[in-house]
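Here come two complexes built around chain A, the first alongside chain B, the second alongside chain C.
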Partner chain A sequence: MERFITKENLIRLAEELTATCRVLAPVASCGTVTFRRFLPGMVLDMHSRMAAVSPKAATFPQTETLLTVKREIPEKKPEITETLPEGKNVVIGCRPCGARGKLIFNPVYETDKTKDPYYITRRDNTVFISLACDRPETTCFCHSVGSGPADAEGSDVLLTLVGEGYVARSVTPAGEEVMKSSLFADAGDKGKEADAKNVRARELMGEAHDYASAPAQLLARFDDMDFWQAQSAKCISCGACTYMCPTCYCFNITDDDLGLESRRIRSWDNCMSHTFTLEGSGHNPRPTKAHRLKNRVGHKFSYYPDLHKGVIACCGCGRCIKQCPAGVDIRQIVKAAQEYSE
Partner chain B sequence: MSQLDDLKNAIKSHLGELECVIGWEQGYDPLHATPLFIRTEADLDRLIIGPLAVHNLATYLPGFKGKKIGVVVKGCDSKSVIQLLNENLINRENVVVFGLCCDGVVSQRKIRAALPADPGFVESVEVGAQDLKISVAGQSATLKLSDVLADKCLVCATPDAIISDVLIGAAHTPAPAASLACQDEFEAKSDAEKLAFWQETMSRCIRCYACRNACPMCVCRDYCIATSRDPLWISQDNSPAENMMFQMVHVSHLAGRCTECGECERACPVDIPLMLLRRWMNKQVKDVFELQAGTALEQTPPLLTFKVEEERINERGW
Partner chain C sequence: MNANPYLPDMATIVEVIQETHNIKTFRIVINNEERMKEFTFRPGQVGQLSVFGVGESTFVINSSPTRKDYLQFSVMRVGEVTTRLHQLQPGDQIGVRAPLGNSFPVEDLKGKNIVFVGGGIGMAPLRTLFTYMLDNRKDYGDITLLYGARSPADLTYKAELPEWTERKDVNTVLTIDNPSEGWEHKVGLIPNVLLEINPSPKNTVAITCGPPIMIKFTLQALKKLGFEDENILTTLEKRMKCGVGICGRCNIGTKYVCMDGPVFTYAQLKELPSEL
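For the complex of A and B:
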């Protein structure tokens, strides 16, 4: 389905959806754009800049309660309640990379052996209305990881800005359902203009980098700690890159114990942290930042593609580069491994 | 000869005796610098200095235990070096300090606010003596440097490195420390207004710990109580209250130690104005202990000493 929606009507759509769904949208606050719960009256900021934090939380929240435990009397058997996510979510105004990022979770959280009900429920109840990009930022490289500025994969509706509104194209039945709203109008011949914009945006990205040799070349450097120490010298081992990444899916589970009531929570984990693989014995197979950065880069560009049909676990949004306090550039690290010669 | 050439020559003459020298080079685009670890003379070609070279490289020093290295510091960064020395976290004989006479560094946040389009689309940058000519998304803009300087530079009393083995550039006439308008405005708010501000702001915090890891004085590193699992001091829940709790732990661990280099705030990917907390705390420390961290060798932070009675706290008179 192809329709057209004006900028004003998109805001109206977002406001209408808040009645039945939890709407996440880019909202500016103190000069920063982040995805947050959108409520009527808030100002959508779809165009000034890419949201600092990705819309990952829509399907994989930073913290979620897995279950609660209640004990009336300490000796009595506790009452355990599973808290599966409820309700529908809509993400409006994410970039295609942000919507596509979550696809990386699927072969991990839904396999023949294991099914993560929390992730699957959220994923199936979340609609992504993405906005195709007009032009790449200096940190964008989606075209090098099998995507592009108008990639519809992972989105339910793809918008392209044309004049004072957006050409909207449905990608999934859920997207088609949203587009049944009377706020959408006939697109007329605006579709052609949208196509031209999408083609132009792809051209502006220039030539894509070829990561085909990355899995093997990164593995070849696995034991070369000199290489990893040099690559990680400026890394300060914080977790900003992993937390802003739409594809990072590692989690930690902790218990928030409040006397007779407690909550088991799942929160984002972070391979840059010392505790990430800290074993009960005290041994840590990744004791330094060099080992940790090797894990992050290796996971995305080598181990994951090796396990999952060559798919790179990176959507090329560039947030890890743009927001890194030390300016660590994952593109350069992979390239250095690819170009390495003894 | 330019300041940069002087610095390159100075580094060249020390390179043989050092594991590496930490400076800056251009980062992923013309508007961003990134730390450079100079190991060979060839690496020196990439060295840059100037208003875009913002990082406080002293942050890396405690990580080089036992190795002799060099570091390039601005005036503010040199205070971190002094504080690290005062706390025996680094050894003087293992560090060669290349000090700069600094004219200030930019705030990427202010640049972002002043540009006609997002700096994500930057095409070129020309650094002049008084301005930055930036081309972004096909539009050109000339920003006056004085308009986009980091807040810390607006009130800087130590533009020239106060500790150095080599000092590069022409020394500035010392200016008294001024107070910062945004800090005064914030402190004039009522407690309820401040609380509302932090609740809103901390709802953005993603607890990535960039503020902690960028801080040269946060030296617990892997053993920070915020990420300790046994005991689990702070919930991993990212509610505004827990996020604020972490920031309060952070700020109190820096009492008498924070040199106001501003790295915590600069590193924050969601622009939380953490320096509002730091400057407030430093003011209390200065009032009570007459101490400013990093301003003199051989001074000990009040929380690292014990006295039965503090000179300026009248404990028994209450």
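For the complex of A and C:
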């Protein structure tokens, strides 16, 4: 389905959807744009720079309660309740990479053997209305990881800015449902203009980098700690790269004790921190930041593609590059590994 | 396992055995009778035990699937969850998510001679397989158990040691690091005692578990004795959370210890990136 929606009507759509859904949208505050809960009256900021924080939290919140446990007295008669997520979410105005990022979760969170009901429920109850990029940033490299600035994979509706509104194209039945709203109008021949814009945006990105040799070359570098020490020299182990990343899916599970009630909580965790793999015995298989950066880069560009049909576990959004306080650039690291033996 | 992989079964502690100054063995029964009856696992598999309000930790199920009255875990006190577990009494409730992980290849081991080499708390996973083999004794060839600890006080499963040393159909050798009064068994580090026992590698599989440093020297000793990499089995410890291959914590390259392990052959370990 192809329709047209004006900028004003998109805001009205967002406001209408708040009646039945939790709407997440890029909202500016204190100089940065982040995805947050959108409520009527708020100002949508679709067109400044990419939101610093990705829309990952829509399907994988930073913290969520998995179970609550009530007890009569400690260790006696505990009663466990599963707290599966309820309600519907709509993400409006994320970039295609943000919508596609969640696809990286799928082969891990849903296998023949194991299904993560929390992630799956949220994913299936969240509609992504993405906006094709017309001005890729210098840190963007979605075109090198199998995507592009107008890629609709992972989105339910893809919007393209044309004049004073957006050409909207449905990708899934859920997207089609949203587009049944009377706020959408006939697209006329604006579709052609949208296509031209999308082609131009892709051209602006220039040539794609070829990551085909990355899995093998990163593995070949595994034991070369000089290489990893050099690559990680600037890193300060802050973890910003993982927290901002739409495709990082590691988590911790901890208990929050509230007396006779406790909650089992899952929260984003980060492989750049020392304690991530610290064992009870005091032994740590990844003792230095060099070991940890090796795992982060290796996971995304080598181990994950090896396990999951060559798919790179990075959507090329460039957030880790922009947000790293030390200027570590994942593209440079992979490239250095690829070029090392040449 | 439950459909929700994070949902533990409630279980009751039925017995607590003080093994050493910092190791206790817990026998537990899943409250839901149906589930307890249906519960099956293979030797080597692990479980996540939870103390609600404190957290969850990974432990080997060290009872044998051939003895189904309870599930047994031996817990060394090292941190938050283990300290809280040590305070619990029979009748107290805990959560259990099990079985998780792979297991010892009990079918492939049939007809083979077995050499167990266990050190300290590393005896826990070996106990499962050892007991399993005792209960299926005719399926296996010669069985040797070499079990060592720092001192007599550090030996676990003391209640069973007399049976293990007296049984005619197994060769049980106990050792401690330094001489101790009244000690009638071997004195010496495990790898040295292993060389002394000198087991033949012919049609024999060696299974070892213990502290990393012990494993390292035991592997060297086994190689000296002529054991093939494929015929040496060990279990790996990694910090685990989900236990089901999702949380991304326990990987070594493309292998996840919670799914592909904890049991690996020495040949497989050599294939893994060096991140042990």
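We adopt the following convention: the second predicted complex is superposed on the first by the 337 of 342 C-alpha atoms of A that agree within 3 Å, B and C clash if a C-alpha of one lies under 4 Å from a C-alpha of the other, contacts with A are read in each partner's own complex, and residues count from 1 in each chain.
We adopt the following convention: a residue touches a chain if its C-beta (ideal position, glycine included) is under 8 Å from a C-beta of that chain, and two chains touch if they have at least 3 such contacts.
This is a predicted model, so every value here is computed, not measured.
Peer 1: Consider chain A as the common anchor and indicate whether chain B and chain C clash or fit when overlaid.
Peer 2: fit
Peer 1: Using C-alpha centres only, what angle sits at chain A with arms pointing to chain B and chain C? Round to the nearest 10 degrees.
Peer 2: Angle at the centre of chain A: 90 degrees.
Peer 1: For A:63, is the partner it touches chain B (first), chain C (second), both, or none of the two (neither)?
Peer 2: first
Peer 1: Classify the contacts of A:38 with the two partner chains as first (chain B alone), second (chain C alone), both, or neither.
Peer 2: In the superposition, A:38 contacts neither chain B nor chain C.
Peer 1: Please indicate which partner A:116 is in contact with in the superposed arrangement: first for chain B, second for chain C, both, or neither.
Peer 2: second
Peer 1: I'd like to know which partner A:128 touches here: chain B for first, chain C for second, both or neither.
Peer 2: Touch partners of A:128: none, neither chain B nor chain C.
Peer 1: Touch check for A:219: first (chain B), second (chain C), both, or neither?
Peer 2: The answer is second: A:219 touches chain C but not chain B.
Peer 1: Kindly classify A:234 by the partners it touches after superposition: chain B alone (first), chain C alone (second), both, or neither?
Peer 2: first
Peer 1: In the overlay, answer first, second, both or neither for which of chain B and chain C A:108 touches.
Peer 2: A:108: touches chain C, not chain B.
Peer 1: After overlaying the two complexes, what is the shortest C-alpha distance between chain B and chain C, in Å?
Peer 2: 5
Peer 1: Residue overlap on chain A between the chain B contact set and the chain C contact set?
Peer 2: In the superposed arrangement, which is not itself an observed complex, chain A uses residues 252, 254-255, 278 for both chain B and chain C.
Peer 1: Which of the residues in chain B come into contact with chain A in the complex?
Peer 2: 27-29, 32-35, 37, 55, 59-60, 109, 112-113, 118, 120-122, 137, 200-201, 203-204, 206-210, 212-214, 221-223, 227-229, 232, 235-239, 263, 266-267, 269-271, 273
Peer 1: Could you list, by residue number, the parts of chain A that touch chain C in their complex?
Peer 2: For this pair, the touching residues of chain A are 66-67, 69, 71, 74-78, 80, 82, 108-109, 111, 113-118, 219, 222-223, 249-255, 257-258, 262, 264, 266, 269, 271, 276-281, 283, 285-286, 291, 295, 298-299, 302-303, 306-307.
Peer 1: Please give the residue numbers of chain A that touch chain B in the complex, ascending.
Peer 2: Within the complex, chain A touches chain B at residues 29-32, 34, 36, 48-50, 52-53, 62-63, 135, 137-139, 230, 233-234, 236-240, 242-244, 252, 254-256, 265, 267, 270, 273-275, 278, 321-323, 325-329.
Peer 1: In the complex formed with chain A, which residues of chain C make contact?
Peer 2: 3-8, 10, 50-57, 76, 78-79, 82, 88, 91-95, 211-212, 237-239, 241-242, 244-249, 251-254, 273-276
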